[in-house]
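Which chain is which? They are A, B, C and D, in the order written, and residues in each are numbered from 1.
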Amino acid sequence: MSSESTGDAEHASSGGHHAGHPTNQESHPALRVRALESLLVEKGLIASDTVDALVQAYEQDIGPMNGAQVVARAWVDPAYRERLLDNGAEAIAELGYGGIEGSEIRVLENTPEIHNVVVCTLCSCYPWPVLGLPPSWYKSHAYRSRTVIEPRAVLREFGLELDDSVEVRVWDSSADVRYMVLPQRPAGSEGMGEAELADLVTRDSMIGVALARTPSGVR
Amino acid sequence: MSSESTGDAEHASSGGHHAGHPTNQESHPALRVRALESLLVEKGLIASDTVDALVQAYEQDIGPMNGAQVVARAWVDPAYRERLLDNGAEAIAELGYGGIEGSEIRVLENTPEIHNVVVCTLCSCYPWPVLGLPPSWYKSHAYRSRTVIEPRAVLREFGLELDDSVEVRVWDSSADVRYMVLPQRPAGSEGMGEAELADLVTRDSMIGVALARTPSGVR
Amino acid sequence: MNTGGTLGGLDRRVGQMNGVHDMGGMHGFGAIPREEGREPFHAEWEGRMFGMLLALGSHGVHDPGGLRAAQESMEPASYLGFGYFERWMWVTERALLAKGYLTLEELDQRTAELDARPDAVAQRREDPATTARLMQGVHTRSPSSREGSSAPRFRSGDSVRVRNRHSPGHTRLPRYVRGKLGAIARLHGIHDFHDAAPEGSPNLPQPVYSVRFEAEELWGEAAEARQSLYLDMWESYLELAQS
Amino acid sequence: MNTGGTLGGLDRRVGQMNGVHDMGGMHGFGAIPREEGREPFHAEWEGRMFGMLLALGSHGVHDPGGLRAAQESMEPASYLGFGYFERWMWVTERALLAKGYLTLEELDQRTAELDARPDAVAQRREDPATTARLMQGVHTRSPSSREGSSAPRFRSGDSVRVRNRHSPGHTRLPRYVRGKLGAIARLHGIHDFHDAAPEGSPNLPQPVYSVRFEAEELWGEAAEARQSLYLDMWESYLELAQS
């Protein structure tokens, strides 16, 4: 298997031999990136605290916990759910989320009859404000190539076996609209509050490769 | 540019880092092939003289000089030309050529109205008995990908500018039939004998990326 | 996002229409890798690279809208062999070199210096005002819809045929739908158009539609049961199908 | 060529229908590399590798007809990154390992030994009888046409539509013609069929046709002036077009 398919971390350790790389010397990406940052700071093109703040934002503040709140709200508030399905980005902004890769977000509702799953075949487009940066598998060549031609096989790899009566809708994010799935509210979650419900909403369930957790699976 | 695009020799020198290669250790192909041959000889799976004979055959005996003789004969002998265009492999066998990758050979006649050019997009199929093993450029990803979609641009890279009135026929060798082009007999070659004519016939003219040489270009 | 300008000389014409990045429907990439390390950054350098990429964009050093096209100008074997953040590193280096902000010599030299002194403390530069402005954009929505002058040509339910386009240059039209029959599901509004345009000709905003395809139309007998596919398509990708 | 059997466990089902090897019409591979070194072998190891490949085939160690499919089972980045003879090395190693003729350990060990002793003289083994028999095949034609029991379905001039096939496994049907309209130019006779078949079902010989396509049909507006394309196609790839 290529380093690509096992995530970037492993790739980092594979070192040089990069045909086509515009450098004279082969070097470990970690070292190369340090050199790049050092020069850009020195030349005043970037500030260290800007990079710090961006890293911190996408490591800590901007992630699937945001989308989970959106989903939980939609589960308890029918009027919000309607606004969310009608204009995702605006309804998401009501909860304070928005920004890069979130200008247009469309929310797709899973039902007993229709299961939605999101992919980006041409690159790795993803709704950053609600889900953060994509996980490695979403960026993998396997996920990008296979999801449009054999979604049921892909979902089975994620442990999700759908009945043949369910329509699988695959959304390929080729333009400026980003997609997020509104998973079905799990049975047994009646009477739970928004915060508790948000704990049931996983990243994978908002991409469409999994269902939301059932309460028994949480407690 | 990748090592691929500059031929195998350069690639050989680029060394290891082969993700997906079924070996534990990264090694130079030259070394690996020596190890492989050494083991296969030791185990009695191959004989050294067999490998010697095969290398010698494709380095010295089986090459475009064979095809050139076929073309020269067709230029001087109309009945042979007819048999050649009707059943290439049989007519080629009349001159003693045949063997691996030559079971079915179809010969394509270039005319003032029609220019034929041969490619193999899925791999590198080639009529070995008449042209030998293919040159690096024929095996390159660039030639394989581009020739079917922009043959005139490809031919221009080879220095061959065809008038827009000429139909360009591209032959993609996807099955068991192999293709060879019968180039137009050049002006000024009237009265030349077969051996002299064969000297005008280049490998590239039998693939279709060039014309046969004109006598002035030879002498 | 800003879509004017070029990425350090790497404009959309260097993107590849039928490139290896266009992998929808391809076979051979194996199982989906599920092992997860630390996400989203598996190593510190990935985070720094990502941060630099965004920081440079806010300075106008590159055009964020051209980043997809720039990646496509990578050699195919490298595109497949590189990891996600390595591709960004490649694109960023290229942009900085092309615009003259850096030379290859100084980058190589600095790399060698740092290699020799692994414990060197990085020089820092603080710019709280710029950081605050950039972080505002990270957290605040700016809609990408445009005001449209021309009325959309298609209506929901219209049967459309995707044009069989194969011109070189960047596009957002994947190969697997070209020539196929679909149906307009919804109008998304008027959006900037990102495809490569002939030099000097403007890329005017166009209506973008969500178009539905049945899996059988795309994949023939290989299609799975009850699958549909939705793709966002600019109006110029489509023509009304003869019914 | 022999088309039965498998290549050391690498049968045609591991080949890739929509694989990266199917590169007709792709962009991004740049200019055609024209520098020529020594041809056909740029280095001694390339010739030895080639000779071994043919020598092993004559022993039934692998199935020459399955070699194309076996190459397609390479990971895409490796397929693109390897040179031509390196791909054969990969396929040969795989076949020998899978059939148990070699173990990875002994191959690695021998490689290390030879690395340590670069001047070691290779052990030789002579087998003039086998060599003579093999060289006879190298120089003598054996037709690949088969006797056909069923009459060909199509006649020259027939308008045919290429089936939109996307099943995994080896095929000789390039992606760029699927779904397209062509015309039967000529019948080549009955040939063995090489595509992946479901396990246990026989791959019966079929008529093979030379089919002509107009470039506009394949590439739309990107087509060059007055271009046509001829492709050899097994009968099951085609259906009569409604006219």
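Some observations on this one:
We take it that a contact is a pair of C-beta atoms (placed from the backbone, for glycine too) under 8 Å apart; a residue touches a chain by one contact, two chains touch by 3 or more.
Predicted, not measured: the structure shown is a model, and the values here were computed from it.
The minimum number of touch steps linking chain B to chain D comes to 1. In terms of the distance between Cα centroids, chain C is separated most widely from B. A straight line joining the Cα centres of chain A and chain D is 40 Å long.
Per-chain Cα centroids separate chain A from chain B by 49 Å. Taking each chain's centre as the average of its CA atoms, chain A and chain C sit 16 Å apart. Centre to centre, using the average C-alpha position, chain C and chain D are separated by 34 Å. Of all residues in chain C, those touching 2 or more other chains are 18, 25-30, 75-78, 80-81, 166, 218-219, 222, listed in ascending order. Taken residue by residue, chain A touches two or more other chains at 1-4, 19-20, 141, 149, whereas all remaining positions touch fewer. Note for the complex: chain C touches chain A at residues 1, 21-52, 54-56, 58-59, 61, 68, 71, 74-75, 77-78, 80-86, 89-90, 92-94, 96-97, 101-102, 104, 106-108, 110-115, 122-128, 130-131, 134-135, 137-145, 172-174, 176, 188-189, 191-192, 208, 210, 218-219, 222, 224-234. Note for the complex: chain B touches chain D at residues 1-12, 18-25, 27, 29-55, 57-59, 62, 89, 92-93, 96-100, 102-104, 106, 119, 121-124, 129, 132-137, 139-146, 148-154, 157-158, 164-177.
Chain C meets chain D in the complex at residues 16-20, 25-30, 72-73, 75-77, 80-81, 163-168, 179, 218-222.
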